Structures are given as structure tokens and as C-alpha cells.
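You will see chain A twice below: alongside chain B first, and alongside chain C after that.
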Partner chain A sequence: MPAAAQLSLPEAVKAAQLYKFASFVGWPDDAFPSPTTPLQVCVVGNPTVTAAVARAAEGQTVNGRSFAVRDVPASETDTCHIAYLSGMSGADRAEVVTRLSGRPVLTVTDDAHGSSRGVVNFRVLDNRVRFEIDNAAAAHNGLTVSSRLLALAVPR
Partner chain B sequence: MSDRMSLPQAIGWKRTPVVAGIAAIALLFAGVLLAVISEHSYQATKANDLAVQARILASTVSAAVAFDDVPAARDNLAALDANDAVEAAAVYDADGYLFASYTRGTARLPAGRVAVHDPEIRGESIDVVVPVEAGGSGFGTVYLSVVSDPIERRVARYGFFALLVVMAALVVAVLGIAHGALAGVNLRLERANQDLRQEIAEREKAEDALRQSQKMEAVGQLTGGIAHDFNNILQGIVGSLVLIEKRVADGRTTEVNRFMTTAMTAANRAAALIQRLLAFSRRQPLMPKALNTNQLALSMDDLLRRTLGTAIELRYELGNGIWTTFCDQNQLESAILNLAINARDAMPSGGLLTIATGNSTIDGARAARDPSVRAGEYVRLCVGDNGVGMTADVVSRAFEPFFTTKALGQGTGLGLSMIYGFAQQSGGGARIYSRVDGGTCVAIYLPRHMGAPAPEPRAVATSPVPVGKAEQVLVVEDDPIVRDLVVDTLNDLGYRTLEAADGSSAVELLRTSVPIDLLVTDIGLPGLNGKQVADAGRAQRPGLKVLFMTGYAETATSAKGFLAPGMEMMTKPFQLDDMAARVRKLLENGKA
Partner chain C sequence: MKVTGTPRVCGRGPTYSNRHVRARTSAARAAIVCALIAGTLTIARSAVAAAPSIEDLSRLSIEELSAIDLQVTSVSRRPEPLSKAPAAIYVITQDDIRRAGVTSLTEALRLAPNLEVAQLNASTYTVSARGFNRFEAANKLQVLIDGRTVYNPLHAGVFWDVANVMVEDIDRIEVISGPGGALWGTNAVNGVINVVTKGAEATRGGLASAQIGNVNRNGALRYGGALGSNGAYRVYGMTFADGHTVNANGTSLGDDWYGSQGGFRTDWKTDGNAFTVQGDVFNNPFHTGGQARGGNALARWTHTLGAASSVEVQTYYDKTERVTPGVVDAVETGDLQAQHTFATGAHKVVWGGGYRVQTDRFSNTLNGFALNKERDTTYIGNVFAQDTIALDSDLALTLGTKLEHSTFSGTEYMPEARLGWSVTDDDFLWGAVSRAVRTPSRIDRELQFPGLLLPAPSFDSEKLIAYEIGHRGRLSPRASGTLALYYHDYDDLRTTSLANGSTFPVQLQNGMEGSTYGLEAWGDYALTSWWRLSPGLNVIKKHLHLKPGQTDTSNRQAAGNDPEYQASLRSSMDLGRDVEFDIGIRAVDQLSNPSIPSYYSLDTRVGWTVTPGVELSLAGFNLLDSHHPETGPAPQAEIRRTVYVGTRWRF
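Our next item is the complex of A and B:
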């Protein structure tokens, strides 16, 4: 697939792992209209990554829900369960993270610093894709993060 | 009887070891069963524990697998090192490829892919494969293998228990065997006891028979002397009768009386001799009575002299003021006679036999020295000889039953033992004093009796012979001499008489209406005996007087049982005066 060929290895790994966070994160009940509502995975500003995420999550389920992967503009991330702010940087990213703070959305960022870091922040260390988790931010958003996942996170 | 009673017990005894064996086997079986159940339950628990442990591990590594974090997964697996039981563990990703693994020692992972399965026992290890899941999605599988308890640990776990069970079974088995063995010994003892009792009974019977034969032997000893003596007596009677006949023929009747007295004396001696023989040979229990030992010894003088023969001098050394003693006269006579015979045999070429009597008081000290006679007052009767004597060894055994120094067939070995038994039974004892070539003295101790001796039957003072008053007497006797004698005597006394030679003719006479006041009948008759004649007579004539005559001492004793009122018994030979008195008494009593 030509689109996939455009992704770097770390990007591909991140795209493959994104939906898996759903298995280790708990959302409040009112985040879903019904028990079978698909879990909304939104990718902001990077259709190539979106396609890769969609491929990885295809056919997968979490607690009986399927995944709905969309490419969305930053302004439409409110209804997402997972919002991967992949193609964003700097002040824009910080603005979205801040806006989604307090809402049941797992924000995911790449190599972000300071206030622009999402709940999950991918890092590439020693040529390996790792991630940081801001458990306090997650709790602020009403999300519970599995200790198994926290154990894998690199310290911030 | 006890034999039959002990039979079920015997079977019970035989069964005990079998029952104990079955119990022991049952115990072992139960022990094995318990061990198997316990082991099974243990394995189930172990498998359950393993499954739980595997699920915890799967949960722990779930994020690491999901996010492809091999080092984190390895860290998780490395934590298993703390558990000695874990042999191997592995994490496989969703595609079945090995993700991370852990092995201890020489343990190995299963080759190829693994499928999810419940705990399974493979040899000495148990393994399980569980899925790695999070949020309902699977990320891979976890394989976990733990060592099942090694054989040593299992042995250790059940060894103590097994030891207890085996010990218990052994105890039961040993107890059973011991009980069986004990019971067997008991059974043998009981049988031996029965045999012994039977033997004792048989021996007692044999001793009874021998005692009697001993008595008969003594009678035999007597007979030799008596036959000779009897001829002398008969000579006296016959000779006197011949002389009387001559004197009567010559008309010299004045001298007849002297010869008649001689004949009567001789006849009385014969009667006395016969009585003594009969009494001697009769079976009878001890009938003790108070008696004077000196008188008894002297009364045996004739008997002893005849038994001893002329080569032996008989001497009496009878103590003055001898105490009265209390014992069976016949037995004492038998004892003296036996001792005299022993003494005679000890002096084959003649000698001196001494019968000595005296009073003897045995004090406690003497009784303690020689326990054969207890302390007390006794009349001591000693029969001594100056014969060959006895060795100390023979003396010590002389009182033993069946011990004899006489040649085979000449002695039963019971003489001295019977004397000893008689003396003991009479409350006294017996001792032997003897020396080789110094003679022997056997002393019989008889307890002193406080009381006068029974009066000797004294010759009845001659009183006028009661005469008859023409009463009719039926005399039944098969011996014509005796019958004539009785009939003549009765006629002389003034009775009228009828005669019958046998029972049936007597009964015929009794059935007639001839008046009969008295029936005099012998008991031993051909055909109907005297008793049957008397019964027939009484059936016809109730209250008929009967006087029985008999020559058998045995019959006289046993007949006392059937003597009804108005019947009497007379033992032959009898004095005619005595018969006259009895006939008169019977007839007078009837009138009273």
C-alpha cells in the first residue's frame, strides 16, 4: 500500500499500538451512548497515519466494542475516545489538549513537552517506541489507566 | 462332656489369626485408598493453583505483550525465579511466536506452537497454557510449567502415614497370631488335663481292684493254714462222735457228755473260723468302733499261729493299761495279718515275731522331726521280726503303692501302702524301723479314744430253752440233713411241723387251708427261692411269720432290705438254742 510506505518505522509502530491503549484504559459509562457503540479513535491532521491505525484496528474489539477510526480536524475531537494529535505541533496541540482536559478523551501526542503533552505521550528512546503517561491528567479526564500499562510507561 | 463343650471355643481359637490377618489386610487397603484419595486431591489443588498462577502471569504481562515490550515481559517472567516449583514459563504473541521465556536448570520449553489447555500432568511436571487478555481482547498466550512433587517429597509426605498404617497392621497381625498360639496351648493343656483325669479315674479303678485282690491274696495265705486246721477240727468232731457211738453201744453213757463237749468246742471253732474268713473277704467300708488293741491281738492268736507255721515263734509284749482306740476292727486285723505275713517272709528259716502294744504320746517336736504322725496321743501297735531287715532306700519307699521286694506274682506291693492308708484314714499314721540283718518293726499309730471299748459279745447265760405250744411250723430246706435237724429240734420243743424240700411244694402247702403259724425257710432254694416263697405265703396268709436261714454272708447283708415286720434272718451255722429263741420270739410278738 503506497500510503503505508510513506510512514517511518516509529510512525508505523505507533499506528499499530494506538488502539491497544483502549484495552488498558477505562472510560466513564456516560462516554458511550450504548454498550455496543464503537470506540471512536480520531487522528488529527494525518490521513496516512489514520489509514495505518484503521488497518491495525480492523476487526479488533475491546470489551465487545469495535473501533471507528476517523481522520478529524482539531475542532471535532470532543466526541472522540482516543484523540491522536499526530500531525499537530506547538501551540495548536497545547490548545487542543487544554480544551479536551476534563473530558473523557485519551489524548495522545508525539514527543511533546510541557503543556502540549497529552495523557499519553509517545517517545522514541534507544530506537524503541516508548510512551509517557500522565496519570493525573487521565484521572482529571475521568479515565482509569491499568497498572499494567503504567508499569510499561517511561518516567516523565 | 467338657470335650464337646470346648469344641466351638476351639474353632473360635483357630479363626482368630485368620480374622486378624483379614483385619490387617483391610487396614493396609484402607491406608492405600486414603493415600490415593489424598494424592488425587493434592494433585487437583496443585493444578488449580497452577492455573491461577498462570492467569496472574498472563494478566501481568498483558500490557508488555500488547505494546511489544520484551524487556518488561522478561522482567515479569524473571520474577518467577522466586518460586522453586516453576520449571519453565513462556509468553507467545497473538501470532503464536515466542515473545519471552524463562527456564530453570535443564527444563525446556515445548517445541512449536502451544494451544490453550487446562493443567496437564506430564511425568513429574504439570503445565498449562492460558490466553493473555486485556479488555476482552487476546494478545497472546502464556505457558507455565511447574514441577510436580518429586518422588522423594511424595514419599516423605506419605511415608509417615504409611509407616503408621503398616505398624498398626503388624500389631493386629502379631496380636492375632499370639492369641492363636496361646489358644492352641490352652487347647493342648485342656486335652492333656482331660487325659490326665481319665488316667486318674482308670488308676483308681485299678487300685480298687488290686485292693480287693490284695484282700483275696491274704485270704489265700490263710487258706493253706486253715485247710490243715479244719481237718484237725473235723478230726475232733468225727473222733468224738465215734467215741460217743462206742460208749452208747457199750452202755457207758456217763462218759458221753465229755466227748460231746469236745465235739461242740471243735465245731464252734470251725464256725468262728468261717465267720472270720467271710468277714475278712467281704467288701466293706471302714466301720470304726472303739476297741481294745490287746484283746484284738490275742483274739488273732490262732489265726496268726496257723499262718506263721511252726518255724516262727510268736511273742506278745502287750502294754498295761492300754488306751482304747477307735478304728475298723476288720482292717486292723487285716493289717496285723499282713504284717505277720511280711515278717514270716522276711524270716525264711524261722525266727521270732513280736507283737507289741503300748501307749504313745507324740509331742510337737517329735511330730516336726517326723511328720508321718501328727502330735497327739496314740495307741502304738508294733509288729516286729528279727529277719533280714531292709535297706534305708527300701524303707523310704516301702509305703509306696505297688512297691514290692517280693518275686513277681508273690506280692501286690499294696500291703504296706494299704496299712499306711488305713492308719491315716483312722487319724493316725505308720512308721517303719528297720536295719539290714537287724530285723524290721512296723508301728501303727491309732488315735486314743476317750470312752470304753464296745462290749465283747458275751456267751449268753444258759437259760431254759423256750418250748413250743403246739404251733404248726412249715420248714422249707433242700438239704435233708439240715431240714431233719431243724424239724427234730422243733418237734422236741413241742411244735408241730410240716416239711417241704423245695419252693414250689412249699407254696402248694401254703395255698391249702392247713393252719400254719410260722414259715422257716432257706433263702437259697432250687426253683423258687425263699424270698419268693415268703411273698407267695404272705399273699395267701397276710401277716405270716417268716424266719429266713442263709449260709451266705452277702445274702444276709443285702436281705436286710427286704425284711418286713414279722420276718427275721438267721445266718448258718446257728445254735439250735438260738433258733428256738427266735422262733418263740416271732410267735409271741405276733400274739402281742
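Our next item is the complex of A and C:
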């Protein structure tokens, strides 16, 4: 399993957290064409993490939907429900986050700052993988975030 | 042996207990145990090796994922199929503690399948591993809180009523069953419990916590903030009122007790250096007059020398005293420890040493029990070394030993050899042989009562040679399991022997020996993404007997009073996005010396995160009986059914 062997522990923890966010976030009804449409999890610029998320989410469901995990280029993140902007420069990231603002996409970034942060931003604090949540941005994107996830988030 | 107002060796004393805190080994040990989890000491410092598989991580909850310590490189939560620790270790996480709804350290310890936890009365618990669980006999477990020992050297054992921690501050509790003498020193015979609290960085902001129930009431307040640009601090205060136990008819025994505690912790970093300073004070008054009170302060410095090498120095001071009308019982400790970790070739080495000064005082005007001197000071020095040698990419041999010298009880050596083999990606096998000792306390050697009990100046250490093997593995994509088997060979266990062979007076002697063997097993099964089951099983057989020609008027009290089996099953469910629902069932076999019937216990908690800052919970314990006994001489105090409502508010 070469993909897993190259995965570092922080990356693995983020990959596991990524698909679990889906259980704590609500998307507007029109984000899914049908009740059985899988939840689209897209990863930009990090095929190792994509493979890991795919393995972690295999066989899992949230609200009866399965997961569809894939690599996408930055330009194709519009149709994703969760978009992990992993291997991108700060400027490119900010551009994507701004473009997706107002659309039902949970943008996730990695140790980003200022306006290049997504709705969720991973940060390593005290040797642990934590995340910040921009609840206002989530609401602007039409997403509802559960209290339990907000309670777990660290202050921005 | 623990002494109440009247020592239990010769009769019944008051129902409160004398407990003390002695300070021992360094918090660096916590790092070593964490390193044991990773299998090799320096890998513990680097985040780039032997990551757990994504399947293992995907079985954890999002809270658990947020709690994984990247430095330890192990999943600090079962299942741990890729954990390379060559020992029987169970980690109770903060998530376990929260979901079980427990409000004290001893209740949290019930979650470890490899521990025996029995409540004696409202304030007193007895905890052991692999046998010997009984108030007078539970002297073979080494317990540390953030590197400070809470094993009382005057009485030989842990007094849990003065070992309190704010449960919301606990990051994890590492429970090792089996000897740990090479790293943890004397008295780490049957196990080591290492309570690790969160760093101050992880407890920023305010937290108010309260639980109110029919038996217990607790409240705690904590506030944390930044200290400069690279540090953090927290301060806390807590108070509790634990309700009484009852007799077999349900009548109150009037042993309600209460207490309060406060403290602080600060952590800060500069280039290559990390510092921690922390301290606590507490006061637990007794209904019958007097109180148990104490305080401690600890400082630790870790300096990184290179990629796989560091130095750690720790010092602490601890004073605990128990004052009741007629009896004063106090222990005061100063401790200094240092260790160096480094790697060279296939070797990963940690070595170090420490020095401790401990003064104890026992004054008794109630009755004739006394020690040679009321006050005495002991000096203890130790050196240790441990080397983990990679024999192969999948095979590691760990050799270690500690040498300890006490001005009271002499020199002891505690060697160990452990082998760990990663058979496949999904299976880990380990084996170990080790030697451990329980050193004599001042009470063992000096307690006397004219005409009844002679002092025993040549009372020797109790000794153990332990042989263990274990397996840890992923049984299926959704299930993992851990199994440990052990055979313990004991010598020189304590007896209360007739000094002249047939008549009083008695004297404490090392008149018992024998063996125990058993099995510890636990597992984890993810039925669905939101429902997990965790079974546990603990079986022990004891064959402890008197040496030829020996007598024991205590009827082998030092052998403990242990159930032949304990079984448990926990179910953890996430209902919707904001609700947690946990149920646990425990089955404990009967005890025989003295006789106590077997019991089942059903515990449950529902937790609801109402808003990001507010959690409400409803919890119940011992729900199947209105009351039941767990340990102690007849007539036993019985533990009541408990229900509480609670809240945690973050601000």
C-alpha cells in the first residue's frame, strides 16, 4: 500500500477528519440533485491524501449518502461539497476561496492565513491537528455547522 | 500496609483512611512510556515514522482525532493495532472520560480493563492490577500525576482521596499492567498508572463545570490564557461533596466527605527549550474532626539537543498530611531527576538518575501503635538506563535496568528484557521478562504495639519475576484486539506471623510466596460509523501460599481480595450531530477473603452539545442495584445507585 506508506501522521489525521466533517455540516437541499447523490469530496494538489481519504471513507455513509472522493484541479471545485485546497499557493488558495464564496462548498485549507483561509482551516497546535471554523463564511455558503463541531474548533 | 487510627493488621479502625502522597519519579517517564507506545524512544520525537493506518484513524471520533499527540506517533486511544509498545498498556483518553461521565480520577480508572478498582467507602478506593487488591494489600501499583508520585512511602500504597485531578484537565491516563521497575523504580510491581494533564496551551479560555446528583456534587472552574507570545497558563479551582455509603439495610453510614483543591499550570517554549511549572493545594476536611491537606509544586525543563536527542530535568516538592484527633500522619518530599535520550546506529537509549529526600512523621496518641521514631528522613538515589536495539526492521529488543538505593531499605536492582515483533502490518507480538520489588515502608519495619506487635527491622522487599507475552492486532477492517498473558512468580510477600511460632506477639515477616497467572484482553469494534463496541476481559488465578513453617494471623491478607474474572462491554454512539450516548456494563466475580458477592454494574451517560459553548449531560452509575458492596471487611459499606445532571460551559 504505497500511498499509505508515504502518508505522514499529520496528513493521515487530516484525511480522517476531512470526511468526518460531513457528519457535522448541513448542505442546502439543492446542493444534491437526488437523495442518493454521493457527497463529493475533492482534494486539490495532493493525490496521496486523496487516496487516503478514499480509503477512510470507503463504505461510510452520511445521511444515507455515500462518499465520492477524487482529485480535481482548482478550476473544478465548484461541484464539490467538500473541497480540500491542499497543495496550493496562498494566492491561488485565496482566489479559489473567494470564487467559491456563496456556493454550497465546504472549503478546507491547511495552515492558511487571512483571506486565503477556507470555511475550515487546519492548524497544528500543541502537537495536535486542530481546525478553525469561520461560521459566518459557512452561513454565507449556505452551510450549517453543528454545535459539536464548533465546540471542537479553536478560536480564529 | 496502610494504617488507619488503629492499624488494620490488628483490628478495625475508624472508617476514614490515612493517606499520603509521596513524590517519586520524573515526568520524563511519561515521555518514555509514550515512547514505549511508539516502540522506540527517538521515534517518539519525530513525526515521520510508523504512522497508524488510515483505517485505524477513520474508526476514531472527530474529538479523538483532534486529541492525537503527533509527537507520540501512536493512536492514543484503542484500537492501537500498529502500536509497538512491548507491554500491556491501555490508554484512557479524555474522550473516554467525558463520554463515561465520570467525575473523579478513581472512577475514570474503572474504564481500564486491566485494573481492579473497588470502592471501600465514600472516600476510599482500592486499586490494583493483576491481583493484590485490598485496602491493606494494594501496595504494588506505582501511580504518577504529571510525573509526581502519589504512592505513599510511609504506608506503602496509594491513598486515592488525596490524589485528585480536575477530570476536564486530564489528557490521558496510561495504564500499564505488569512490572515497570526498570523505568519507574521500586513499587512499580504489578502496574504503573501515569496520569497526564493537558498542556496549558490546550486549556485556554474559561470552563465552568458542575454535576449535581443524588450522591455526589461537583463543581470546577478553570481559566487559561496566553503567557507572552510563546506560552500559556491556566488556573483552576474545584470542590466536591461525595455522599455517604450505606449498610446492607440501606441505612446511611454517615461517611459523607468533601474537599476542595486549586492549582495552576504554565508552559512555555523558546528555541529548543520547553518549560513547565505547575502546582496544586488541597484541603479535605473530615466529619470526625481534622482534615487531609497538602500541596505540591513541580518544574520541568526539556532541551532538544538534536533530531533524536534531548535532555530533561525535573524537580518537585510535595507535602501531604492527615491530621485527626490523636493522629498526625505526614509525608514531605523533595525530588530531582534528569534524563538524556539519544540514538546511535541501531540503538535508541535513554538513561538518567534522580535523588529524593523524604521526611515522614507518624504520631499516635490514640492507642499503643507507634513507630521507632515519630519523624524520620530517608534519602533515595537511583540511576537507570534503557536501550532499544533494532535487531531487524521488524524486531526490536529492549534492555533496561534501574538501580535504586535507599538509606532506609538498601539497594534494589530492577532489570527487564522486552522483545517486540511486527509479524505483519496488522499483528504485533511482544514478550517480556522483568524483575520488580516492593520496598519495605517504615510502618512495615517499625510499627509496634507492646505485647501485641513486635517491630520487624529485617522485613525485606517483596519480589516479583514476571513473564509476559502479548499480541495486538487488527482482526478485521472494523475490529482490533489486544491480548496479554502473564505468569508472575512472587517471593517474600508479607505475613503477620506469630513471632515465636505459636503464641503472640506477632511480627510482620516475609512468609508468603507463590505465583499468579492470568489474561487481559480488550478490543474495539466499529459496527457503524456512529456506533462502537468495546469489550474487555480480565482473568486471574492465584496460587499464593505460606512458606514451610510460616504462620499468618491475618489469613493471607497481603494476598489481596480479587475476583477471578472481570468482564466489561462499552457501547458508544453518536446520535445525530450533537448527542453522545454511552452505556457500559461491568461484571465482577465474587471475592472470597472476605466474602463479597459478584455484581453487575450498568453505567450510562447522554451528552448534548446545545450550543458550541454549552454541554448538558445526564448520567447514571450502578443502575442495576440500589446498593452493593465491592470490598472491605464485614460489614461492608455499600455503594449506592447514582444519578446526576451536569453541565459544562465554555466562555
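By definition in this document, the second predicted complex is superposed on the first by the 156 of 156 C-alpha atoms of A that agree within 3 Å, B and C clash if a C-alpha of one lies under 4 Å from a C-alpha of the other, contacts with A are read in each partner's own complex, and residues count from 1 in each chain.
Everything that follows uses one rule, which is that a contact is a pair of C-beta atoms (placed from the backbone, for glycine too) under 8 Å apart; a residue touches a chain by one contact, two chains touch by 3 or more.
What you see is a predicted model; the values in this text were computed from it and never measured.
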Please indicate which partner A:G64 is in contact with in the superposed arrangement: first for chain B, second for chain C, both, or neither.
-> first
Mind working out whether A:Q17 is in touch with chain B, chain C, both or neither, as first, second, both or neither?
-> both
Touched partner set for A:L9, first chain B, second chain C, both or neither = second
Between chain B (first) and chain C (second), which does A:R55 come into contact with in this model arrangement: first, second, both, or neither?
-> second
Give one of first, second, both or neither to describe whether A:D126 is in contact with chain B, with chain C, with both, or with none.
-> second
Dominant toucher of chain A (residue count), chain B or chain C = C
Counting only touches as set out at the top, which of chain B and chain C does A:A91 meet: first, second, both, neither?
-> neither
Check the residue A:A139 against both partner chains and state whether it touches chain B (first), chain C (second), both, or neither.
-> neither
Touching both chain C and chain B, counted on chain A across the two superposed complexes = 13, 17, 20, 23-24, 60-62, 131, 146, 148-149, 151-152
How about chain A: which of its residues touch chain B in the complex?
-> 13, 17, 20, 22-24, 60-64, 131, 146, 148-149, 151-152
Can you list the chain C residues touching chain A in their complex?
-> 47-48, 51-55, 57-58, 60-63, 65-71, 73, 198-199, 201-202, 204-205, 529-530, 574, 577-578, 609-613, 615, 650
Of chain A, residues touching chain C in the complex | 4, 7-10, 12-13, 15-17, 19-21, 23-24, 52, 55-57, 60-62, 124-131, 146-153, 155
In their shared complex, chain A is touched by residues of chain B numbered 59-60, 62-64, 66-69, 72, 134-137, 139
